[in-house]
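There are structures below to look over.
Both of the next two complexes hold subunit A, though its partner changes from subunit B to subunit C.
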Partner chain A sequence: MIQDSVLGPHQEILTARATDKKILDKSQDGGIVTALLVYALEKNIIDGTVVAGPGKEPWKPEPMVATTKKDILKSAGTKYTMCPNVALIKEATRGYGLEKIGTVGTPCQVMGIRKMQTYPLGARHVTDKIALVLGIYCMENFPYDSLKTFIQDKAGTTPDKVTKMDISKGKLFIRTADDETAIPIKQTHGYEQSGCQYCLDYVAELSDVSCGSVGAKPGWSTIIKRTDKGASLIDSAIEDGVLEVTETNEGKFGLEMLRKLSKNKKTQRQKNIDKKLDMGLQIPFTHSKFKEDILENR
Partner chain B sequence: MSKTITISPTSRQEGHATLSLEVDDEGIVTTGRYYSITPVRGIEKMVLGRRPESAPVLVQRICGVCPVTHTLASVEAIDDSLKIDVPKTGQILREMCLNAHMINSHAIHHFLVAPDFVPEEDYIQVVKNISEIRKQAQYVEDVIGGEGIHPSDIRIGGMAHNITKNTKNKIKTRISGLMGLLEKHVEQMAGYIEAKDFPKDLGVHAQPVLATSNTYGSRQNINLQSINEIMPGSWYEDKYTEQEDEEFAKETKKTAKKIGKTACSQIPLYDDTPVETGPRARAKKYRKFDDVGVKAQHLARAQEMLNAAECILDLVDKVDPSAQTMAKYSLEGTDRLGVGVIEGPRGTNLHTAKISPEGYITDYNCIVPTTWNIPTMGMATEGTHYDYAPDVIRAYDPCLSCATHMVVVDDESKEVIKDDMVQL
Partner chain C sequence: MFEKLKNILKSEESETKNTPASAPQGSGDKLKIGYIHLSGCTGDLMSFTENYDELADLLQAVDIVYGQTLVDKWEMPEMDIVLIEGSVCLEDAHSIKELKEAREKSKLLVALGSCACTGGFTVYAKGGQGGQPQHSSFLALQHLVKVDMAIPGCPPSPQMIKKVILAAVNNDMDYLAPFMKFTDDEEACGCDLQKKIINQSICIGCGACAAACPTRAMTMKDGRPSFNCDRCVKCGLCYYQCTRSWWPIDQIKKEMGLE
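Moving on to the complex of A and B:
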């Protein structure tokens, strides 16, 4: 295990994408999360999963229990707004009767799941049924109203016309069938949910496997293998041809970029944390003056 | 020479109670007094002035052994007060949850009485079987009730969630898979109980039985006008045998008075007399079971586990996973007295509630199974040697639960730092 305060503890980093065309057509980048969940389901590693499924309004996902490939595919692709997946985990073990749950979440959701596993208050006979925790990279997340503001006021369209949203190269792209609007990320500041201002985790450091587009060329994803469980899942998925691997770019637009973004998030947010703590406010993070390594996520 | 024997606290039961026995020269009990020394917690008072939804959540904390029973009695009472019709599937899920709880709770009792009946060479195997039975029963409580202990999904108006086809199949597989072990366990326990050399007629008493249905409970089969609750003082003080020895008579009167002051529960009477409630009462009234005494109580309890498992298998087929489980209702009441009657593992559990037009609880009262049994238990010890009195008590599976045995263990050295009774 490599102890790394920037990218979190991990075993190996690689660049890959799904081989299934159906998955790639629907997915955000390399389709890793969708492919891994489908693969884990087929291999009986999980018997179902809690995903961000389509909600009542376009681009407003709602937590959904998926037990088939078809249902998992419905949830493919990134929606840049909050979806309380962790809230459905308990019910997944109850009314849905799942015993090996696959979960996927942003870093804060992964932290929530791990905290629940450590202190299972109100989660009796729940946490022993969490079989897999996939993490996705996240700089910040937007409430649905913020997303609507971007779509309506900045892109001048309506949510139902949007075909894809994507954050890359410092911009938020909003695409419709015949148009594309790019909003510089700087202009989205102030619209993110307030908790994100104090989050030190960019790459879901507590997950079994983390993945995201940063550090990989378009259409591919960077995968961080963390736990043994996560590593063996990736290895067998590659062996069975579910994922294909390409050379990892260690350079400026590759892993260096990933490290840079993670480091930036941590240093910038630590300042916000310090500021609040200095004001005497209670937030569940440690002041930098008490940390040996200020990049540490705690 | 007559004397008074006191056993305090009585052991291998839930909660704390004292057994005070007047015995004659041969040690035969002439007057038995069983009384709760578990402090009053005021839960019935606590819910007053609150929104109805608070009641099931608070009253289920009456006990960690039979929370399902209390939650159900509470929602049934409030449903009745607000005149809510619970959807059919919601009602089926409630009944399944209670039956699973019945298996679980009876299994716990088998664990408590195992030292009385199970031969040493079979002990470990029997305890292992009990654990397996409890595990499967708790699974059903978990998936239907949300939580095995203190179920969160049993709500006013029905059940918070339905179950999916997947869960339905799992319950079916698990419970039908359990049947073999359960049958073996019940047969084994029945064998040990039959073989036990208890005095003839141990625990036989002349009191009537109270039961409202074969399973689940029915408010139609209980008459509130027949119920009368008296203060423990008058019950325990009035009840003593005439003694020839004047000195002893004085002493027993003094003891009786003291018990009347110490006892923590009221004495409920049905048609002006104490009753026995629980598995034997249900079996007598609804399953043509006419045996009496301690052995009969244990046998009825063991048999009831199979009864409950069969009920679950019967009910699970009737669950429609796509049906509504919650009724729509408004909280505005009419101060109508709502009655919730649940046949819990230990007997008839009665909760009553009133909801005001503004939507707040104005009246709440519970008479729980062991409270019914308390006066009867003392009487049942009479006529046999006092050595057997604890066996008589244990046959009722009394639950006066609310004291927690707290052990503080040092995380590193595993040394026990503190070991005492904490009363909540």
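Moving on to the complex of A and C:
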């Protein structure tokens, strides 16, 4: 295990994408999460998974239990708003009777799942059934109304017309069938949910495997293998041809970029945490003056 | 408090070490545990007993020395740990006497379940029920005696109870520390999330609260907890299970083998 306060404890970092065209057509970048969930389902590592499925309004996801490849595909692609997946974990063991639950979440959701596993106060017969925790990189998340503001006021269109949203090269791209609007990320600041201001985790440090586009060329994803469970899943997915691997860019637009973004997030958020603690407000994290390493998620 | 428990467990540990592993242990060496049932629904006891299969080994390390339904004994003996379920009824002199006696005769008094910790569902009681209509005032244990550890839940999950017992046997004080801290909380309610998380601008909308709620009083709406007060049993699980209420990173890393 490599101990690394910037990218969290991990075993190996690699760059890969899904080989299934159906997945790549729908996925955000390399289709890693979708491919891994489908693969884990087929290999009986999980018997279902909690995902961010389509909700009543376009681009407003709702947590959903998926037990088929078809349902998992429905949840492919990033939606930049909150989807409380953790809320459905207990229901997945009750209403759906799952014994081996797959989960995917943002860093904060992964934190919630791990806290629940370590202190299962209100999780009767649930935590021993969590079989896989996939994490996605996350800088911040937006309330749905913020997203609507970007789409309607900045891009001048409506949510139902948007075909894809993604964040890259410092911009939020809103794409429709015939148009594309790029909003500088700086302009989106202030629209994120306030809880994100105090988050010290960029790369889902407590997941089995985490992944995201940062550090990889377009159409590919950077994968961080963390636990043994996560590492063996990735290894066998590669061996079975579900994922294909390419050379990892260690340089400025590769892992250096990933490290830089993580470090920036942590440094900036630690300042917010300090400020809040100095004001005497409640927050579960530690003031930098009491931390040996301020980049640590504590 | 820390020191007290540490000492109990350390002396237990050293005594165990002195005993050859193959020799049967006399009951004098074992951790003496009592279970007292005050005004609760027996849910906590049921949750506790759900662990019997897995705790069979553990029962060689502990001795249950007192408890209705568990041990046939009328006189309360000296105990290392006493687990108390339920709140205490002020109109019931016997309950008060038993609680006070338990405090005197135990080294470590543990409030098991939300009724004992913060009052739980019994805070709604006003009397008038069949049998004992005058029984109308119910309080959390800490109003009458010093509580050393509080394990909230309605009920606390069997897994939670098992982990606490294992931690106690293994002398893992770091793992138990949050439960000692919980004794500071005088009350619990679903609105804790609004007051201590959302109003403090630290909610991240993960949904852990809604998953923890035993009565579906807590649901998620627009990425925030939505609280139905009429369904709340005041167990506090939504708050204790919240990702942002307290953050046990060291215990998580230890458990995951990431250290």
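Note that the second predicted complex is superposed on the first by the 298 of 298 C-alpha atoms of A that agree within 3 Å, B and C clash if a C-alpha of one lies under 4 Å from a C-alpha of the other, contacts with A are read in each partner's own complex, and residues count from 1 in each chain.
Following the convention adopted for this analysis, a contact is a pair of C-beta atoms (placed from the backbone, for glycine too) under 8 Å apart; a residue touches a chain by one contact, two chains touch by 3 or more.
This one's a predicted model, so the numbers in the text were calculated from it and none came from an experiment.
In the model built by aligning both structures on subunit A, subunit B clashes with subunit C. Subunit A is touched at more residues by one of its partners, and among subunit B and subunit C that partner is C.
Of the two partner chains placed around the shared chain by superposition, subunit C is the only one that A:Ile283 touches, whereas subunit B remains out of contact. With both structures placed on the common chain, the touch criterion links A:Thr81 to subunit C but leaves subunit B unconnected. Look at A:Arg298: by the touch rule set out above, it reaches subunit C but stays clear of subunit B.
When the shared chain is aligned, subunit B comes close enough to touch A:Tyr96, but subunit C does not.
Touch criterion met: A:Arg124 reaches subunit B and subunit C at once.
Applying the stated contact rule after C-alpha superposition, one finds that A:Ser146 touches neither subunit B nor subunit C. Note on the superposed arrangement: subunit C collides with the subunit B stretch 61-69, while the other options among 25-33, 61-69 or 313-321 stay free of clashes. In the superposition on chain A, subunit A positions 90-91, 122, 124-125 are in contact with subunit B in one complex as well as with subunit C in the other. Contacts from subunit B toward subunit A in the complex involve residues 138-139, 142-144, 146-149, 153, 161-164, 166-170. Partner subunit A is touched in their complex by these residues of subunit C: 47, 151-160, 163, 178, 196, 200-214, 219-220, 222-223, 235, 237-238, 240-253, 255-258. Per the touch definition, subunit A reaches subunit B in the complex via residues 67, 90-91, 93-98, 122, 124-125. Within the complex formed with subunit C, the subunit A residues making contact are 1, 9, 63, 81-91, 105-106, 108-109, 111-128, 141, 143-144, 193-199, 206, 226-227, 281-285, 296-298.
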